[in-house]
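Here's the structure we're looking at; comments come further down.
Labels A, B, C, D and E are assigned to the chains in the order they are written; within every chain, residues are numbered from 1.
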Amino acid sequence: MTQASRTRISALSAFAVITALVMGMVVSAPANAATSKTTLIVGMSADLDFLDPAATMDNAQWKITYPCYQRLVEYNGANTDVVPGLASSWTISADNLTYTFTLKPGNKFSDGTAVTAKAVQYTFQRLLKIAKGPADNFTAVASVKVSGTNTVVFTLKQVSPQFLYTLAGNYGGIVNPTVAAEEVAGDSGQAYLANHTAGSGAYVLTDWKKGQYLKLEQNKYFSGTKPVLKTVLFKIVGDASSQRLQLGKGEIDIAEGITSDQFDAVAKEAGNTVMNKPSLTVDILYMNSTKGNAALKDKVVRQAISYALDYKGLIATTQAGNATQMRGPIPNGMWGQDPKAFQYTTNVTKAKALLAQAGVSNLSLDLLYSARQPWWAAEAQLIQDNLAKAGITVNLKLTEYATARQMIDAGTFDLCLGVWSPDYADPSMFMNFWFDSNNFGLAGNRSFYSNPEVDKLIRYAAKITDQKKRTAAYIKAQTIVIDEAAYGYLYQKNYRLALRSSVKGYVFNPMLEQIYNVATMSKA
Amino acid sequence: MLKSIKQLVKNRFTGGAFISLCVIAFIAIFSPLLTPYSPIDTKPEDRLLAPGHLHYFGTDELGRDIFSRILAGTRISVGIALFAILLAAFVGTFIGSFSGFIGRWIDQVIMRSTDVLLAFPTLVLALALSAALGPSIVNAALAIAIVKLPIYMRLARTQALSISQTLYVKSARTFGVKSGWIVRRHIVPNLLTPIVIQISLDIGDAILLIATLGFLGLGAQPPTPEWGAMISTGWNYLIDQWWYPTFTGAAIFITVMAFNIIGDGIRDLLDPKAGE
Amino acid sequence: MSELVLDIKDLSLSFLTSGTPVSILKSVELQIAAGEIVGLVGESGSGKSVTALAISKLLPTQITTFSSGSIYFNGMDILTSSEESVAQLRGKKIGFVFQEPMTALNPTMTIGKQLFHVIRRHSDLSKEQAQAKVRAALEEVLIAKPEIVENQYPFQLSGGMRQRVVIAMAMSANPALLIADEPTTALDVTVQAEILNLIGKLAKVHGTAVLLISHDLGVIANTCSKVTVLYAGEVVETGKVSDVLRTPLHPYTQALVKSLPDIAARGSSLETIAGEFPDLRKRPEGCIYAPRCPKKFDKCSESPVLMKVDNEHSVACWAQGSRSSS
Amino acid sequence: MLRLIRARLAMLVIVLFGVSIITFLMAHVLPGDPTTALAGPHPSQETLNSIRAQFGLDKPLPAQYLSYLSDLFHGDLGTSIRSQQPVTHEMLAFFPATLELVLVAFIVAIAFGIPLGVLAAVKKNSFSDYIIRFFAVGGVSVPLFWGGLVMILIFYAKLGWLPSSGRLDIELNSPESVTGFYTIDTLIAGDKEAFINVLKHLVMPALALGYVQLAFIVRQVRSSMLDALSQDYYLTGRANGLGKRFLVVRYALRNALIPSITIIGLSFGSLLGGAVVTETVFDWPGMGKYVTDSILGRDFPAIMGFTVVIALAYVIINLLVDLLVYSLDPQTRK
Amino acid sequence: MNQDLLVVSGLNKTFSFKNKGVKHENHAVKDVSFAIKPGEVFGLVGESGSGKSTIANLLMNLESVDSGEITFNGVTIADSKAQNSFPYGDIQVVFQDPRSSLDPRMTIRQIIEEPLRFLSGAKKTELGNSSDVVRLIQAVGLREEHLDRRPHQFSGGQRQRVAIARALITRPKLVVLDEPTSALDISVQAQVINLLKSLQSEFGLTYLFISHNMGVVKYLCDRVGVLNQGELVELASNEDIFNRPTHPYTKKLLSSVPSMFKEMESQ
């Protein structure tokens, strides 16, 4: 054998041996210790898109922005009422059209500049100019005026009972006017704010490794109580089982991706806690009564479907029992709900009878849904099975979210699964969005339900501020839409979250699902 | 034919695979008769039961018998894979052999388009195609067929080029035989062997591709018992209900392995160069 | 008579083809003395190349079974020797030239390198000395510009040039035996003449024993002193070229010579052999040629042995044998 | 050599053009509008229209394509709809991660695949051949997503040897990005702890992905080797008494590598396809996951950007393969 | 017998090909002229690269002519200007390698019948039924039951017989034999040569016999042309070529042939 070939062979085998050695060395190195007490790590299922409060409409992203910005008013702990935030006080004119806010002095943005009335004005003018989703919440605003350094005046076009509450939402976050300097091609700084924060909240986004994690650190100019947590990391762990494993090992403190059926097992493991709170999130079935299958125009058919549904089975399967069947469109815990409202029960015989009464046979319907909610696949298959028992064929149409949204907007479906959670604690969030015949499609009325009497009742209720009168009108409307089975009123789900027991101070506010009060949390 | 099978079975390696394949084929054909439970009807009260004598592989989150679903899924995975590969082979052979025989600019255009197709990562192309066509099992099959198409086009072209250099094609041209006849009667029959080899090697890959598409949420629509989709759901139950993804994954693994070993066996049988 | 370099005695072997053993060689006898060029002639399937490969133990071991006989090379029995000791002989004591010069050289190595490795393998020369030997070896096979050729790759050379390189490699260690398996079949006649001359000259200069395998009687007649005729793995006739080709005794050799158009008169028809080549999976009892033989008689149902007709001329035919012994 | 590069450049133009047209058409016949997903739970029609206009989606398709092409010509891949960041930035963030994973997997596959393939061919039909072939056929048969999960279950959950996701432990600071390869960047930074940690994160995904590739290489090399071992020149080499190892390496392997490299190069697409699944299973922040999300989210510019970058990579890989073959096969050098 | 069947005059063919961008030219046939009389066996000899196969391809319309003209039966069938209609069926060819000249997927019957399928008009009605096929398979020394077998079941010599039968099915006037025996064993070669001779007299054929084997050419051909590097260097009767060669190349060629007797006599 010659020298050359010997060298080649030994090089080749050396290569293999070294590769094996490196792997061995790496594997045997000790695993790292548990995380520090001033660092909170949240496991998220997916990376985030963009963080501009004037553009984002997704609670998942709000978990970053909410603690980085402050708002004129804030939700009060677990309560859905608002309390002073940046504004120390406000006055409302007698005609309910003018709101005057007085800012608390001393608040500073993360670059040290003061939060002024100008900044408030800049924030809302920018939001309206950008005209994305958040702007839809402020259509009532006619003008925002500065009157003195710390006073800002909002003038409305019409009475808007929910105005104050929308200010406490994520889109009410006050943006540092210095972002104007970051403007690219007239985007009002959108590209910059998509992956930066510029607020006066307790935290600042300091690092975003795409696909890996987002890192929040304390805003050193924050004027409030200094938070305990120095760092909050939002780590992307796509798979539910991995999150489960990482939570068990203490690698993450909160696991957002735990699926319904895992919670019981997670709760049993030492060191874990599962929080389980009623929420205002409801899971419903859109029944397209205008553009869908002609049979759905008949309320009797919709009633039949409502009777055919196995509510208990749905709750047991998709939420492992952690939900309650709805009583009409407004969830429990929201004022305006009719506690005596009619509730459909599972009654296949009755469903069949109603179908016969409507003269419908061999009904075949498409059920549209996406993978957006992890339980929808199971839910869709159960509904298919439920309706089959009543003699209705259901064809499942699993569609990607973007496509499903477009189809919902266009009304090209018969049945569709949906969830709805209120942006502010007002029944109009349900009644006016769901049933107003002006809101067909994505705007809210996804059953394409139209009833002039209901329109009249709910429009009236939305324009007045007297809660008693509003309740009466809404209850009247509810009776109609329940009887006409405008939607399949499925269930109101609990909000469950898996945490390490060492995580202290977490407060759940039903208006702020998926958002953590990191500034007041700590780790034991 | 019989002799070839005998040859396959004689080898312990391929013999085992051949028997598995027969079982798989039997299951695929007769699955409706073999499943102890309906693979589709839900039964919420029986959800997530552990394997036992009632449910050999346990039940899923909707109370369906996983054993029945795996059996029923055989037909879908194997059938669609066969359909996709045969479609790709048929179209690819046709285009490729004409391209190779006629040559000139047509050949250039066709070969550059295979370049373009090959520049896409297979799975991503399949993903995009089945997303574009809308998620359904037929569209997934079409997507896989398109992804596999360039392989057959290139193979058929190379073969056609070398066959058109053979003396029998040269002879045929001396009696004024038309191109269509040459392609149909001389080129296509003679390139079938490498195509059959390629088909037998590709089926396993196609089953994996379908499962992967299903896993990523494209492909079969629920409640169809498609293996990839079953793992995708079952994956979330890995820790507490290990049987759900485990048996399904094993079903894919065994099936694909059987096809691959048989594919290798067929190649060794038909292509003596690689075998002996 | 000088010492035998190669002495094959009663060599029989079979191949395993798709499970069934096929008898390829049966009782083959072949002797070559130093400096002698012996031709091995036969049609395709006669076992010429198998005999050649068997000498160097280059047959695929899994499918080859030796059922009898021995191959002595310089007194050493190849068949009972270990692979290592036979490997020692290859290239050093036994040189090999194959039919296809187009494929016989490593396509990814320069001519010089290939020669260099063979030379270094079989000698203790330093790199520089081996390099010089490469030149010398190329010059010896009459390559005009060895300094250019040694840096070329096989595909850059013509068939004749490549065959010269193959011969240079085979002869580089000055072997005792050179086996040339159809060395000129793939070449043009004019080139063939040059290559055959070269082999003859080298053998003479170095005293090498040469086994020249060919199907071309003309090539054998021109180059060899002795010839052995193979038919279906059996030796049917052997002897001096002048005897065997001029006065062939075996009906097969006779037919072979008469089927050549070279000597036939125009207008006359060529002699042909009736029947088909035998199926070696079922080697018939008795004379292998009997089914096609026009002179077949009762005795032919027994296997004939190689019988001496005169000093060096032997034939395996009852018809001839009986005549000479009677 | 220059000619080779020139030919590949011409190919690049054709491939890029073809790929961009196909992707563009495919992306735009995809039912679904990315903007509806952005607009919040209950957007008004005006909001939807305004968002569409901002992304130029209200223009006719040919106009959209032309403007895309002209941007591309200026090196601008557009702005991602989902993240509202320049696609070029996103590629820079995700591509090195994928490349690092794929390269390491590839090195593992080559380091073990070639020797195993050679061994199986040389010892054909022996016990070791059967073991290697079984191992190889397993590699092309195991569903990557399932195999990856099983690995996580064993090496992370049960044994606790290896991390299950990401490129680096989250508590450790990511290295200053020089090459985008964490292995190299941590070495440049001189951070030994981070380097080891990066390697630990690489082991499972690289092995999972590498196994498939390795199996492919073993099969390919074995078959090319068998071919080379049956060639005349190999017999000549044996007849000339050359050493077995020398023959195997310099005669057989050297020649067997030429077809193998070409085919392995062509399999680059399937390697990247495998990366999509691997990245999903191991939460590897790379292109595969990115493009899956982009396809599902109908993020046209991101999909386009991905395919353009991949087409570029494909052509470069082809060029590398050509150059390798060029260095191995003297006939191409003529 | 006075009119030539085939006239080749001033034939030229150059192949140009690009290798890595560099243009190469190969003047394969240089100004070749010859004529073949009906009933004659005309031999073309030469070594590899002499252009003999290119001439066969040009004659069979497999390549186009650069310049010069081919006339068959008084009709121009190929020249540099335009595509002339080729008399398919009137000129047939038998190639060297019977292993590759028969489609392995077809039966012998299909192979022999194939040339008939594309003949038109008079030629078609004139012949082409299954009795012709049977007659021919017997004429080449095979049996009728062989018709349903496939090529791999036959030996090389038998396959070459099939190829000859296929060539004769159209009742050609001229048969081009392109090294028809080079791939065969000596004893089989003899059978095929005998067959070719007997068929010639039976069907009144004219042969163009292309070979590098001087022995076979000497035995079979009436007149012989010697090709060297695309040029026809000598053209004469059999007698003159082999006994009184004039061109040095012809002499060299003849002296290179290892003859069985030349050497033995000198021994």
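Criterion: a residue touches a chain if its C-beta (ideal position, glycine included) is under 8 Å from a C-beta of that chain, and two chains touch if they have at least 3 such contacts.
Fair warning: this is a prediction, and the values are worked out from it, not measured in the lab.
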| item | value |
| --- | --- |
| Co-neighbours of chain B and chain A - touch as defined | D |
| Comparison of A-D and B-D (more C-beta pairs in contact) | A-D |
| Chain separated most widely from chain C, comparing mean CA positions | A |
| Between chain E and chain A, distance of the C-alpha-averaged centres to the nearest whole Å | 85 |
| Centre distance in Å when chain A and chain C are each reduced to the mean of their C-alpha atoms | 88 |
| Centroid distance [mean C-alpha coordinates] between chain C and chain B, Å | 51 |
| Distance between chain centroids, defined by C-alpha means - chain C, chain E (Å) | 33 |
| Set of chain A residues in contact with two or more other chains | 2, 239, 241, 245, 399-400 |
| Junction residues of chain C - those touching two or more other chains | 117, 121 |
| Contact footprint of chain D on chain C as seen in their complex | 56, 58, 62, 87-92, 94-96, 98, 100, 103-110, 117-118, 121-122, 153, 155-156, 166, 169-170 |
| Partner chain D, residues of chain B touching it in the complex | 13, 112-113, 115-116, 118-124, 126-129, 131-132, 134, 204-205, 208, 211-212, 215-217, 228, 231, 235, 238-239, 245, 249, 252-253, 256-257, 259-261, 264, 273-274 |
| Chain D residues within the chain B interface of the complex | 11, 14-15, 18-19, 22-23, 26-27, 29-31, 130, 133-134, 137-138, 140-146, 149-150, 153, 157, 219, 223, 226-227, 230, 266, 269-277, 280, 288, 291-292, 295-296, 303, 306-307, 310-311, 314-315 |
| Of chain A, residues touching chain B in the complex | 239-241, 244-245, 259, 261-262, 265, 310, 313, 316-317, 371, 374, 377-378, 380-382, 384-385, 396-400 |
| Partner chain B, residues of chain E touching it in the complex | 60-62, 86, 88-89, 91-93, 95-97, 100-106, 114-115, 117-119, 163, 166, 170 |
